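Below, each structure is written out as structure tokens.
In the two complexes that follow, chain A is the common piece, with chain B as its partner first and chain C second.
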Partner chain A sequence: MSNTANEQLLRNFILENYLFTDDQSKLDNANSFLDTGILDSMGILELIYFLDEELSIKVETDEMVPANLDSINNLLGFIEKKTA
Partner chain B sequence: MTDNTYGLDPVLAIDFDKEVERITGRMREILSGELHRRGFVIAMSGGIDSSVCAALAVKALGPKKVFGLLMPEQDSSSTSGDLGKLLAEHLGIEYTVDNIAPALEALGCYQWRDDAIRDVFPDYTSDWKNKIIIEGGLDGKINHFNVVVENPAGERFEKILPLKSYLTIVAATNNKQRVRKTLEYFHADRFNYAVIGTPNRLEYDQGFFVKNGDGSADIKPISHLYKSQVYAMAKHLGLPDAICNSTPTTDTYSLEQGQDEFYFALPYKKMDVAVWCLNNGKSEAELAEKIEITEEQAKFVYLDILSKRRTTDYLHKKAVQVEPVELSF
Partner chain C sequence: MKKSDLLERFLDISQEYSSSCALQTSVEELSYGELKSQIASVGHFFKDIGVLPGDRVVLVVDNSINYIIAFYAIWKAGAVVVPLNPQARFHEVLKAVRQSKACCLLLDKVTPQLIEQSNKDNVSLVSLEKVSFDKDCTNNIYHWNDALKASSDDDWYKHDSDSLAQIIYTSGTTGDPKGVMLTHGNLACNVQDIVDYLQLTRLDSVLNVLPFHYSYGNSVLHTHLFVGAKIILAGSMAYPQEIVNTLRTSEASGFYGVPSTYSLLLSRSDWSDNPPALRYMTQAGGPMGASLTTELLQACHQSTLLFVMYGQTEASARLTWLPPERLTDKLGSVGIPVAQVELEIRDEKGNRLEHSNIGEVYARGPGIMQGYWDNPSATATTLGGGWLKTGDSGYFDHEGFLFLKGRNSEMIKVGAHRINPLELEEVINKLDFISESAVIGVDDEFLGQKLRVFIVGSESRENLFALKKHCNEFLPPHKIPREIMWRDRLPKTASGKIKRFEIK
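And now, the complex of A and B:
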């Protein structure tokens, strides 16, 4: 899947399931999910489940760090690394 | 001030005589002025928190206005029941033992839990033992959960829990705290008493309780006291040694499980100091020096405390009204 398609998939997942809106302006790709309160640590675990189900990306325990998972940009960078 | 500090870190030292007087005075005021009830119901697990709360309730009202409840189930250790009885007899209060295992069985608590464990360990059967442990916080990772099982031959296995299995196991075991609370309110209703909630400050701060389970209560007498202060208070109140020297456990899973491996990043004495340092604006370097961890770990501990506060904020919330309704009387 292309980077743009991944971006849209992830953005829609967050917008639909955590912000309950389709208003794209409500989510900035650079913002930390944790700092902005969009996700808590349980939300990040749900996101990990989503990555596995939708993109077949297995997140190893060593990879469960905010630098990989805590914003749309971080996620896109992580997916790129994992699929390189 | 008493010179007995019970080995507490100096920042947590308090005058226990004054504190007992303050808490018991407030318990009477709250019962009379705010709750309008005639006594206290307390569930006694044999652990340090409920034991201290029960002793404070007796100090506040005398033994005749305090009713104790021991509510074991199939995964409770036999020690917890023994300690609960020891305490009730030490305090001279009336108490009852209600085994909640049949109620939990009827609700499907054990079945749901065991099925979820079998998602990960297909050979698991109900004669195996189990527990859940937390990982991540101290290493700066997102907290996640592993299940540990032990077969009848004593062999242990551990695997990371997929989110759905974890949530189901926790949801099933939360029935234990909720069924207990149902019984506490049954007895409170029949005596016109108030229910005591027993969280200490660490548990209250970090959301280590079940919403509408042990988190539900009419009064929380020790939610401002750090766990080490509660241990010291138990000694100050002269509670039996077996209670004062007990190790904090969840008493929820069949394998022995410390609270720190289930939930907190550090053993309670260090967690107390870490939360105190965070609350009092101490730097990561100061925390690291105080509890002998690296500065990087201190940073992760602070982040973990804040993350747990955020994640469990929902547990503290009452039902949120769309439009708040003010009641006057």
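And now, the complex of A and C:
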């Protein structure tokens, strides 16, 4: 899947399930999910399930860090690394 | 040292161990001397803005050094701390401010809605975040930085042991949350008991992930300051491996968790290299399954002690503890009463039962609350003849170890949170397209339980969005149902009450 397609898929997942809107302007790709309160610890787990189910990306224990998961940009960078 | 006052004890400790580290985050450290000096300034500031002894000050602040400074500064001014979940929504904050008749509200971040309402209600606002305000509303709005810079004084309010120290809001079995009233005497007694059985000393340091606004986290805070130990403030449990890494690098001697904390740590982090300095761990906040307890024991180094505990906000925090050396042969038990607590098992008529008989757990002792704030009927139902009715059922074995057999109520436990389904249904049922709803707890691998709501109403994608948005506006994240299911009708009793346990 292309980077753009991944970005849209991830953005829609966050917008629909945590921001409860279709309005794309409500989510900035650089914003930290934790700092902005978009996701809590349960939300991070759901995100990990989502990555596994929708993108077949398995998040290993040592990969479960903010640098990989805490924003749309971080997620895109992480997916790129995993699929390289 | 007077046992009746944690503030006075803090003064002694901060003098004796002035240069010892009291608080540590990933970016800063504060010694006991520095902490005392900041509390002195903020306490002076509270008096300056008109906070009087006995006044209530609501604290809606995330776990941080500022939370701790504010908490003890409120006591320094002689006032009562009312901590709320920092994720509480506007309506919940407003309800607590009005219900507790607070004169001052301290927040991480103020919103225009709160500014307007506080102005009308004549409640002072203190914002930790630097924000600019409308000139018309600035009379009662203050910045935290100004509080920290206030001149300090040595006028530390002398509390009686029976004066009110704290009101902790807890989800009740009916209607709105109830404010548990704890005195300085209640807290000090329970803190002393916990310090004794955990054998806490100033050489200890805790890596804390528990929210301070709940009684479990509250007890971690006070017990450590009581002995001059170090509190290391950890980030969120969202990244368990980072917590384990910090346990190793910080050389913390203690760690406290609820069952979901340990479930997350064991499944989502590499625990194979046990943190070398970890002397003990504790578990409370709901029953932890025998298999998870065993798994945790196996994962830990033999020298790390695991304390299983049980308590309630209404009991300051702690009612029982299981001596670690009995953990294996008393697996599933929450242990024996703490030193100053007496427990009994009673039947429905209130008659005391002998060991092995299941009944309701009653508790008595100097840590038991004074009642619910401004709620005499709920107080009368829960307290009677000097005893607290816990609402939990269980039995004592022949050696006096308590085994719990569930709660006598419909409360749902999600992670560390106790949630009343009625409170959620009340919020959800306000939507026009919903005629009724029922919230239940379903088993969850990590959180113990998660929330599922059944909706009777008009089903559509738009309505689903509207429902989620509505929940997000009026409920903090932990109270938002994770699963939403639509139904044509809900099963009911002859009297029209929803049969919650029959819905799946």
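Just so it is clear, the second predicted complex is superposed on the first by the 84 of 84 C-alpha atoms of A that agree within 3 Å, B and C clash if a C-alpha of one lies under 4 Å from a C-alpha of the other, contacts with A are read in each partner's own complex, and residues count from 1 in each chain.
Quick note on the criterion: a residue touches a chain if its C-beta (ideal position, glycine included) is under 8 Å from a C-beta of that chain, and two chains touch if they have at least 3 such contacts.
All figures in this text were calculated on a predicted structure; none of them were measured in a lab.
Residue contacts after overlaying the shared chain place A:G37 against chain B and chain C alike.
Judged by the touch definition given at the top, the superposed model places A:Y49 against chain B, while chain C stays out of reach. With both structures placed on the common chain, the touch criterion links A:T4 to neither chain B nor chain C.
Of the two partner chains placed around the shared chain by superposition, chain B and chain C are both touched by A:M64.
By the touch criterion defined above, A:F20 lies against chain C but remains apart from chain B after alignment on the C-alpha atoms of chain A. Shared contact residues of chain A with chain B and chain C: 34, 37, 40-42, 44-45, 61-62, 64-66. Contacts from chain A toward chain B in the complex involve residues 34, 37, 40-42, 44-46, 48-49, 61-62, 64-66, 69.
The touching residues of chain A, when paired with chain C in their complex, are 16-17, 20-22, 34, 37, 39-45, 61-62, 64-66. The residues of chain B lying in touch with chain A in their complex are 135-136, 140-144, 160, 162-164, 166, 307-308, 310-311. Considering their complex, residues 87, 235-242, 264, 268-270, 415, 446-447, 450, 465, 468-469, 472, 477-478, 482 of chain C touch chain A.
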